[in-house]
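Letters A, B, C and D name the chains as they come in the text, with residue numbers starting at 1 for each one.
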Amino acid sequence: GGKKANTGGGGGGEGKKTVKVGLAYDVGGRGDKSFNDAAYAGLQKVQSELKLDVKDIEAKEGESDNDKIQRLQLLAQSGYNPVIAVGFAYAGALGKVAPKFPNVKFAIIDDDTIQQPNVADLLFAENQGSYLVGAAAAKKSKTGHIGFIGGVATPLIKKFEVGYIAGAKKVNPNIKVDSKYISQPPDFGGFKDPAKGKTIAQGMYDQGADVVYTAAGLSGTGSLQAAAAAKKWFIGVDSDQYLTATADEKPYVLTSMLKRVDTAVFNFVKGVGEGQFQKGDQRFTLQNDGVDYSKSNPTALGDLPATLDDLKQQIVSGKITPPEK
Amino acid sequence: MISNLLAKSYARTVIAALVALVFAVVVTSIVLSISGFNPPSTFQAMFDFGKEPDSVVNTVNRASAYYLSALAVAIGFRMNLFNIGVDGQYRLAAMLAAAAGGAWALPAGLHQIVVIVVAAVVGGAWAGIAAILKVTRGVSEVISTIMLNFIGTGVIAFLLSPDRLAAKVAGSNNVGTKPIGSSGRVPGISYPGSDLKIYGLVLLAVLAGLGFWFVINRTRFGFDLRATGLSESAAVASGVDAKRMVVIAMVLSGAVAGLVGMPQLLGGSYSYSLDFPTGIGFTGIGIALLGRNNPVGIAFASLLWAFLDQSSQILEFNDIPKEIVAITQAAVLLSVVVVYEIVNRVGRRMDQRRVAAELGEVGVAA
Amino acid sequence: MSTTEPAVELHGITKRFPGVVANHDIDIAVAAGTVHAIVGENGAGKSTLMKILYGMQRPDEGTIKVNGEVADLHSPSDAIARGIGMVHQHFMLADNLTVLENVVLGAEKLHGIGGGARRRIREISDQYGLGVEPDRLVEELGVGARQRVEILKVLYRGARILILDEPTAVLVPQEVDELFANLEELKREGLTVIFISHKLDEVLKVADAITVIRRGTTVASADPREVSARQLAELMVGSELPVPELRESTATDVPVLTVEGVTVRDATGRAVVDGVSLTIHEGEILGIAGVEGNGQAELVEAIMGMLPVESGVVRLGEDDLVGRSTRHRREMGIGFIPEDRHRHALLLESPLWENRVLGHQTRSPNVKGILIDRAGARRDTERIVEEYDVRTPGIDVSAASLSGGNQQKLIIGREMSGNPKLLIAAHPTRGVDVGAQSAIWDHLRRARAEGLAVLLISADLDELIGMSDTLRVILRGRLVGEADPATITPDELGSLMTGAAEGSVA
Amino acid sequence: MIDQEVRTPAPRIGGARGFRGRRALTAGLGAFVALILLRLITGESDITSSGTMSATLGLAVPIGMAAMGGLWSERSGVVNIGLEGMMVFGTWGAAFGAYFSGSPWLGLLCGIAAGALGGLLHAVATVTFGVDHIVSGVAINILAPGVARYLSDLLFNGEPGGGATQSPQLPNFPTWSVPGVGGPLGDLEKHHWILISDLAGLIRGLLTNLSPVTLVAAALIPISFFLLWRTPFGLRLRSCGENPLAAESLGVKVYTMKYAAVVISGAFAGVGGTFLAMVASSNYQEGQVNGRGFIGLAAMIFGNWRPGGVAAGAGLFGYTDALQLRGGAGAVHAMLLLLGVGLLALAVWHAYRRRMVTAVVSAVVAVGLLAWFFLTDELPKEIVTYSPHITTLLVLAFAAQRLRMPAADGLTYRRGGGH
């Protein structure tokens, strides 16, 4: 469903008392095949299953807090309720907007700093999911050498990295892990430079790594290309990248670390609709399927799920606590 | 009357700007129509939204950063130096100034001044690298400032780590410098009907503009700078030390660039973090050119630019891609130069005709 | 080609520029196989007319006939196709291209751009004795060689009608003779030459027919065998030609400028000024003669502090200048009239009063402290306009809107203000018409009488001989000779300048 | 005739070009040998591996194309700072053509056409309307991302995987290798034999798994050289950048030449854009160009407005970038040694030529770099990311500056403007 599809609803909804759901993206926007897309998937599910009007708005690279304030405010003013802000960058803006619209329910993804009665913080245990795919990588690796590519060296992405490394070491304490970030903040270009993603992945494969986990938004597509060309393993992130890979790439997608932003978005909207808004932290972990690994390529995974599900159990039960940083 | 008007250079500029604006609106309308949108209602929506109090505040705030950035670019342009590095200069400056402001507790008044001075010094120093490379090694400032933008990003990344200048905030995935305490903040100015505040340091932009105008038009130094820009060879023959001028102008440009982030830093965010705005340096190039490197022209240009950026936000709610304003902006920029060129040529011709007429010569200069 | 038809007929040509009618109802017929001279004051419209004939500018009215056929010339290509070639007043060469590339440009169809073209260029060069080397970069060539490249360019295209716009302005007499020999050669081959010059004796020597243009229109035709230079001049301007001369010596023995053993090297390490020593006293005009490009420009720039001096001493009065900035030297009392006024002396787009400030931006009446004193500068500009007879409607018009002569008068007025001790005047009357020329000479004479020391550089040997108290000759960066301006002739001076004669000529 | 070429140094007869060629070859060989030594000393085998070479190629192509675009334009006297925008047009055009036709080849054509269209706009503004070249270029850089996003919103939004900021997945180009190079050289390379393995790496990296766009890009460099320096068309074009008045006076259609050059310039940027969208990745993505147009401009100046130099500039940038992306901090750390030794040599050379200030500065920097090399094992990764930019700056600052831009570059030219 494209943007055109909801034009009529948005415009015609003014008179009726329909619920309208607004969503503001972080830089990168819809179609990054990972984080933002996952949010969009959730929104689509809201649209199709809950039959609500939805509106999603993109951010502009390099914009200031005021733009974000304005965006959230416009959504709130135009009758969108609830409103979801995708990404920690919205924290400052939401902190200023939320008090002005006490009747609007807000949610922010990946941030835990706002303390307002009408704001829900949707947080993910990326380290847990990454731990599992790290274990998968170590198990799958024949060379004892694996790689991690981060899009931008932000604390959030580093959380993926530490979880991944911990998981890999759990399986094989001697494993060698190459880590590399495409760009350094405040340059967020690393999330959308597939060319560099590809070059880095090639480098890792050339130097002996046979599994690479890429947490880099759209740059991951470049990494996947490199995996297919080198006929080595690729691990995706956020969404199930097996589903969006091309036919020749699919065999090389080992698994993806799922960050169920879609579930979070859907559940949040549904909860608000049912009058069950909860302010404050809502943690999405392995326990509540907020993070997970995908099993859409069973041929590749082979007997890995047994090990991984066991680890998952141990994490859920608290026996293992993957590090956060 | 028209001839009288054209004789005045500011009148030429105003006429050119108005004609260009009309032209840009026409181009935008055509694009909108082709894409199946209704131009009048689009402009109406933008205008209505743009004049809301909140929008006015945001427009002014945005314009203040654009203004300082364009001013920095204009200092270079006035002497044919092309400082593409304003972007890196202001980001590095804002980051180090924020770190300094957050780390030091100083009495109010002094605190703000110290932060601003640090920013200006850092911006100037970063630009100074390009200047030194140019005068000692002949490296084109175009290349060096492009490279320094990237390298500056690297330096910021290096410093903006919890091990160095950044402070980690629990629960946040952002990293930023330690927030500047209340003694270092600049209170905002209220605007009726809005609970957003106009940054207090909008006044800094105004001061910088006045300073620019005064220095360029009224001082010896400004004369030397303009002369170098108009004709470097003539300036050198007149006793201007061109190399020194390059260094001074570039450092000055960088110092003003350093101020770009100050209104927001001291008036809104109080800390430099990953979501601090980027790219204003590049916007500044366009605005400086639109404003013809003139402080008043740049003021109008940055307000127009900010207004377009601001009011376009409403378009997404009407399902019109807001990037249409980029087309408007580019069209204004291109057409203003063309129109100015035409108006100016007509004016110059009148000038010459006047010279000839008043000397009573039909044929040639005797 | 019919011998009875004129090669070129221009009829009723009118060309207007904004504010100026450059050509007005011009009629000229040029017989085939002749050298036809066109003379007229600066700005009379000669170059404009030639550009119309060469298709570079379109006439507003009038017809052009080439070899009897009406020609509608839209671009130089049309003119070239009809066998017309033009050597421009200002060189039309790309410095960073080779001679070969400059020559074949636009005519690549003839012999390609490689070996064939190279052979053909050597052929033509040998045939007319031009001595042009095809693979040299043009920037390495001196003015004479550039001139010959320009001529070769035209010949290469097989032109039968040659337009030469002031080809001799930058040449020394010997080179002029060479050029004229070339013209004779061309004429023998049946080519037609249209020749423009301000130097009337040259015109009389070489031309078969003369047309005089005044204020954009043809005022007379003259037969070179029957007319004298003086008569021609009167036709041109309607008044007598001014003569550069100094009445009596005003030189004292107080040295103002002392240059001792000054050497300046260029980027490649070659000495462009090589151990030059000279002294100029109060009230003395010292002229330096030399073919362009022999170091006079560098010497001037070294004295002005615009080029670093490798060794040697430059003193103004008792003060050592070495190591001082250009600004400091100007403040100490050096005035400077550069040879290229557009590049070095003017801000063309700025008003006259700002141009008054240029070069004096640290001194009253232009400044107060660190501020520009607008009122003072404007007042003083009014004074200069008045005293130096700068023809302008006001001081707020841009410098570009003045004619060259008036620009030059403004510059001289400016450089004379603030009572300089030393004036460096490089080609002070170049491209300036006769009226302004005599005014400028008057100003120089007056200032000299008041004790000014002047370093005069000029390519106009009459001016140099007439205006100097002392004459020195520069060749390859060295001062090679000394001459007495009272006795030397331009021809003798020319030999000294090219190194054909050694030492001093008494 | 009187000899008065007084200012003239010894004449440079015909052989100048051959000399330049030989010097470039020597420099290239020297650099390669230095890299081999560096590999031996530091044991970083990635320094000359085929992977690095092939990544270099991939990273250098878009920059090289932008730089060649700049060269074409500036050789005709038009400064083209709008290359960045034209590349954006190229990425979008390629996606548009390839997605809606299903053929990568049409993608290439559309990418080139879109870039050329950007060039055309620049030409109309600068040549016909006499707009300042920088202004026009900046306007194009503002326009291009806006137009691309606007059109994406209208055309890609709603297509599978498409949106306002990116196109759907695009069809791939086939890749091609020089037959017989892949296998045996791969074996040789693994042995890490001096010179032989290095050469094998170089050859294998440059001759295997090539996309047609890479081949086109590589071919365009000698083709450009030939067209610009060996044909009448090129001579006319260059003459417009050196002295348009003279060109006009000889019947050259200056406007036409400038139009041709600037449109070709845009087309080159279009090739670069196509490469980014279709070879380096598999869809158009907003922000994908990411400053490469500007870096191309730098590579052009670095290359002294000559195709060989441009290729070297793009190659240097691509190589350092490949090294930092693939090898990371270790390999770049090794480069410190190379830079340090190189600078030290330069310092000695300057001292020999008695340019003492330069010599001392070079020596100080060299010692600093060497100290850094020996005292550390790695570089801060934040800085390593930008090593190509630092290298470019250092090389420009310390290499001899004998750059010469076309004499009439950037000047607005009016027909009949001469007098």
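Here is the rule we use: a contact is a pair of C-beta atoms (placed from the backbone, for glycine too) under 8 Å apart; a residue touches a chain by one contact, two chains touch by 3 or more.
Here is each chain with its UniProt name: B, D = ABC transporter permease; C = ABC transporter ATP-binding protein.
Just so we're clear, the structure is a prediction, and the values are computed from it rather than from any experiment.
Participant: Steps needed, at minimum, to get from subunit B to subunit D via touching chains?
Facilitator: The fewest touching-chain steps linking subunit B to subunit D number 1.
Participant: Just grab the chain with the largest centre-to-centre distance to subunit A, centres being mean Cα coordinates.
Facilitator: C
Participant: List the centre-to-centre spacing of subunit A and subunit B in whole Å, with centres computed as mean CA coordinates.
Facilitator: 36
Participant: Round to the nearest whole Å and give the separation of the Cα centres of subunit A and subunit C.
Facilitator: 74
Participant: Between subunit B and subunit C, what is the gap in Å from one C-alpha centre to the other?
Facilitator: About 45 Å separates the centre of subunit B from that of subunit C.
Participant: Would you give the residues of subunit B that are in contact with at least 2 other chains, written as numbers and ranges?
Facilitator: Touching at least two other chains: 153-154, 157-158.
Participant: Subunit A: which residues touch two or more other chains?
Facilitator: Expected reply: 3-4, 58, 61, 153, 184.
Participant: Give the pairs of chains that touch; include all such pairs.
Facilitator: All chain pairs meeting the touch criterion are A-B, A-D, B-C, B-D, C-D.
Participant: Once bound in the complex, which stretches of subunit B touch subunit A?
Facilitator: Spelled out, the residues of subunit B in touch with subunit A are 54-55, 58, 61-62, 65, 91, 153-154, 156-158, 160, 168-175, 195-196, 264, 268-269, 274-280, 310, 313-314, 316-317, 319.
Participant: Along subunit A, where are the residues that touch subunit D in the complex?
Facilitator: On the subunit A side, the touching residues are 1-5, 28-33, 58, 61, 153, 178, 180-184, 189, 192-200, 202-204, 206-207, 218, 221-222, 225, 229, 244, 246.
Participant: Using the touch rule from the top, collect the residues of subunit B that touch subunit D in their complex.
Facilitator: 31, 35, 82, 84, 133, 137-140, 142-144, 146-151, 153-155, 157-158, 161, 282, 285-286, 289, 321, 323-327, 329-330, 333-334, 337-338, 341
Participant: What does subunit D use to touch subunit B in their complex?
Facilitator: 125, 129-132, 134-136, 138-143, 145-147, 149-150, 153-154, 164, 291, 294-295, 297-298, 301-302, 380, 382-383, 385-386, 389-390, 392-393, 396-398, 401, 403
Participant: Spell out the residues on subunit B that touch subunit C in their complex, using ranges where they run on.
Facilitator: Against subunit C, subunit B makes touches at 218-224, 226-227, 230-231, 233-241, 348-349, 351-359, 362-366.
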